[in-house]
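Take a look at these structures.
Consider the two complexes below, in which chain A is the common component and chain B and chain C are the respective partners.
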Partner chain A sequence: MKQFLIRRILQMIPTLIGVSIILFSVFSMVPGNFIDSNQTISAERAAELKHIHGLDKPATERYFIWASNALKGDFGYSFQHKVDVTTVIDRYIWNSVLIAAFSMIFTWIIAIFIGVFSAVKKYSLYDGIITFIVFGLMSLPSFFLGLLAIKFIAVDMGWAPVGGMYTTGSSATGFAKVFDLLEHMILPVTVLTALGVGGLTRYFRTSMLDIINQDYIRTARAKGVKESTVIFKHALRNALIPAITLLGFELPALFSGAMITEKIFNWPGIGRVYLDALNYRDYFLLMGYLMFLSFLTVLGNLLADTLYGLVDPRVRLK
Partner chain B sequence: MSNNLIEFRNLRTNFYTGSGVVKAVNDVSFSIREGETLCVVGESGCGKSVTAMSLMRLVATPGKIVGGEILYKGEDLLKLKEREMRYLRGNEIAMIFQDPMSSLNPVLTIGHQIAEPLRIHKKLSKQEAKKKSIELIELVGIPRAAKIYDSYPHELSGGMRQRIMIAIALSCDPKLLIADEPTTALDVTIQAQILDLMRDIKKEFNTAIMMITHDLGVVAEMADHVVVMYAGKVIEEAPVHELFNNPKHPYTQGLLKAKPVISNRQDRLYTIPGQVPNPVELGENCYFNDRCEHCMEICVQKQPDLNIYDNKHKAACWLYEKEGK
Partner chain C sequence: MSQVTANPNVTTAAEPKVKSASPWVLAFRQVRQSKLAIFGIVMLLLMFLICFFGPFFSPYTIDTLNIRNGNKAPSAAHWLGTDNLGRDILLRVMLAGRISLLVGFVAMMVSVSIGSLLGAIAGFYRGWVDTIIMRIIDIMMSIPSLPLLIILGSILSDWKIPPSERIYIVMFMLGILSWPGLARLVRGQILSLREQEFMQAAESLGLRDSKKIFRHLLPNTIPIIIVNATLAVGGAILMESVLSYLGLGVVPPTPSWGNMISAANNLIDFQKRPWLWIPPGVCVFITVMSFNFVGDALRDAFDPKSKSKR
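The block that comes next holds the complex of A and B.
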């Protein structure tokens, strides 16, 4: 097990180096930069600024400067925010994690239950209705679903605030502040959950259908095991194994932010910041953020592979 | 005949498929006496397994039991509530399946899977169930039982897994053990061991066995009584010696002729001509008529009944009726 972990961690290094090269080349091939997009400064000043920031050097040299600084934990300076990239990411990413974590928990719980029941009651009316709703929600674009949610939940019903993270001008502290935050989370979390539940539900339904027809489920029934135990102990445990791969992908998803949803609900998350950074050509912020996500993706994969061993005795390393 | 343990009376189980209704079990009646081994033989798709699954009331959709009675100790199983039926499953009527490789749950330990019926039906505590499980593993002839208790199915060979299936089936001392082709997926030496084990168990616990097979060698070795099925119907039923010595139905005769005989060199084994009929398009005739060398006019017009002849020998064939003579 220890050997496996060490080997896998060492394998992460060339992967990440490859990712950094691709990232850097793509961004250095795009014409223009933050200084070019600023129309208010003179050509001399622009050249001076480019020299200060090293933008006049050849791309390969710039890559090594950037990469060696990144290794030390310095991902450069955000032109747009006028602070270090790491500071910007740290400032906004936790807001994104907050809604992503809540919606992820809801998505998985709802998807497991709906998926299991529509597999057990295959082709029934319940299965049909659920499939219809879930596909509908999955197919709607997030901006449309977001607007629908604002119209019905926030405006017509008044159950939740329209957007933002805290009530403007509020000086509440302690519990009141937490409650205010939770209220503002209702809409973005609902929309993200509605968007995510569809695919996962189908996944669990298929996985569960596959397991329910296995011989060992028949064996369990023939032993006189209660149907609920058959489903939730004998079948679900097996059905969840392939889902672990998905769980590995959820790690980067947790931190990546939801660009459009955050924009619609005016949520100060990293997704929205990323979208703005694209418009401003704030390359260091973009590269730092994408590098961070790549690292999480690779780590998520490692985590998934390790979890497999814990859940499935057949791949457990002795 | 008063000590009938199980009595099938005109059982009908249909499968409602896209291409039509398949009468998988079509008016089947026979009984199993206490402590008796009854073999059900027939080729694939003749309704042997569905008969057994109907007895357990575990016929999977789109299958449905549409008629008849299954009496267990005089009580109709088909009228029991699901909860009462569940109490019988694994407790008084236990079942082992064809493929031991896929019949055990891969993520649960062997011990857990043996202990489960003990905890459900006998209400044993965790320690008692563990003790009894280890005894059962020893009973079915697996050494190092305590270590096996904590193993997972993938760590065991096919023969060992089938022994574990038998241990699970025996855990609550069932009155009837249904064995659905228990040796088909095993190699020949392991087959012999498993059959020996089942015979020992029958002797020791006086368990009745309903053995489903298409291997006439297994029948000769195990059975007291034989039921031959064809296309969802019982076509012949007799004590084992009577059946082997004096088969009545042309299908049974064909099956016995198709069996290789040691010391009798043959270039080619006998095969029954033709194919099993499509189960969707069965009419009111003898289902074997197009493959039968004795086929008469009446065979394509009317279905023969299962009638008793000498020596408790039942057969459904016009050859033995006055209409056919």
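The block that comes next holds the complex of A and C.
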């Protein structure tokens, strides 16, 4: 186990170096930068600013400067926000985590229940309808679902605010503020849950079907255990074991920010900040955020594999 | 077909009583049993026929602008209404469908060819070749694809690539970023296939490596490739629509479903003229869903484990 962890953590290093090289070369292909796009400053001032931020150096040299700073935890300076990249990420990421965490909880609860019931009643009408809906949700473009929700639920019905995080100009504090926040979370969380529930439901259905056909389930039924106990205690518990590894893969999703959903609902999360940063050519922010996401992905994979080894004694980690 | 039946995964799938039927026939029978898959196939056929032949029956052309007739709601003359330049939405949806479907297919072909080739090479040669390819796959899978695609799209905009050439670049972009998953699956299969007896036979016949890979190993992985390809088309169409919606994929005047939906970015069009953006969105939805239905049924059909459950 210890050996496995050490080997995997060492393997992460070349992967992350590779990621940073690819990302940096992609960014160096982009013509122009934040200073060029500012037309109010003189040519001399622009040259001076570029010199200060090292933008006049060749790309390879810039990469090594960036990488050595990144190792020290300094991901550069965001031109657009006028603070360090890490500060910008820290400022907005928690808004993203807020809706991501809520939707993740809902997604898992809904997916477990729907998945279990369609496995128990497989090939029934209920299973057919659920399968149809689940595939439908998996096939909707996120922005289209968001637009439909705004159009029909927020604008036409007026059941929820159109977007944003708090009502503009509201000076509510305490409980009223929390309520305002929750109200603004309704649509983004619903859309994210709807988009995420499909895949997970399929997953639970398949793994429940695997378990229900096992001999020990037949034994449990034969000795007269109540059907609900068979399903929820004997079957579901075992079906949840492989699902634990999915938690590892959810790690990046929790922090990445739903770019499209946040943009549509004007939610001040890191995903929307990323899209805005693109317009300002704020490279250090883009680069820092993408590196952060890649790091989380790699870490999530490691977590998934480790959890799998921990919960399933048949898997031996070497 | 002889190599295909040599695959133990597929032959064990055939129950003794239906031993005579080939795995392909069995798979087809299985797919035919799934109502959702039939629905998917029918919807896809309709979508293709309408998009590729429909425009010939349309009384309108895409170049006739009639601004006085602009922004009209759906009527008998214009079934889906008209846009701000007076162009028929139905015709534009069909033309956009051609582009979106084409993008999906080409992106899938790029991804499937790179993925299966590199996966086969990695699994066949093992050693340092495998290590290098797997490292590349690890790296590519660690980069979140949507943010990267968005940057690549904005680079294309900065380079001022003409819209007509841009669609081809977008197709390749989508394909090149999506092959690692398939490569991993194919590699896994090839690793186990290359240890089997029929490969020893191929070895003793002194076949060239290229022949072993393309004639004997890859054909055995076709089930995985087909399932993956079906789902990949849907995935590529979905990605293209997101990119084009953000204005970073296929850009006007070339219509695509995604950039037609971006009409919703205009507040008045969004609230008062839903016929501008809902029809293309529904088309993306139906097409992607149909590909998912068919892909899922194919996966069940080729998977020996799921069959024994019936």
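The definition used in the following text is that the second predicted complex is superposed on the first by the 279 of 318 C-alpha atoms of A that agree within 3 Å, B and C clash if a C-alpha of one lies under 4 Å from a C-alpha of the other, contacts with A are read in each partner's own complex, and residues count from 1 in each chain.
The rule is short, and it goes like this: contacts are C-beta pairs under 8 Å (C-beta built on N, C-alpha and C of every residue); 3 or more make two chains touch, one makes a residue touch a chain.
Quantities reported herein were computed from a predicted structural model and do not represent experimental measurements.
When the two complexes are overlaid on their common chain A, residue A:Leu290 makes contact with chain C while staying clear of chain B. Judged by the touch definition given at the top, the superposed model places A:His234 against chain B, while chain C stays out of reach.
Looking at the shared chain after the overlay, A:Phe27 reaches chain C, while chain B stays out of its contact range. When the two structures are aligned on the shared chain, A:Pro14 is found in touch with chain C, with no touch to chain B. Residue contacts after overlaying the shared chain place A:Leu209 against chain C, while chain B stays out of touching range.
Applying the stated contact rule after C-alpha superposition, one finds that A:Leu140 touches chain C and leaves chain B untouched. Once chain A of one complex is fitted onto chain A of the other, the partner contacts of A:Asp74 are absent, as it touches neither chain B nor chain C.
Put chain B and chain C next to each other and count what each touches on chain A; the higher total goes to C. In the superposition on chain A, A:Arg221 makes contact with chain B only, not with chain C.
Touched by chain B in one complex and by chain C in the other are residues 213 of chain A.
Every residue of chain A that touches chain C in the complex is listed here, in rising order: 11, 14-16, 18-19, 22-23, 26-27, 29-32, 128, 131-132, 135-136, 138-144, 147-148, 150-151, 155, 209, 213, 252, 256, 259-260, 274-275, 278, 286, 289-290, 293-294, 297-298. Those residues of chain A whose C-beta lies close enough to touch chain B in the complex are 213-216, 218-226, 233-234, 237-238, 241, 311-314.
Of all the residues in chain C, the ones that touch chain A in their complex are 35-36, 135-136, 138-139, 141-144, 146-148, 150-152, 154-155, 158-159, 234, 238, 241-242, 245-246, 258, 261, 264, 270-271, 274, 277-278, 281, 284-285, 288-289, 291-293, 296, 309.
The part of chain B that touches chain A in the complex is made up of residues 56, 58, 60, 86-91, 94-95, 97, 99, 102-108, 116-117, 120-121, 152, 154, 165, 168.
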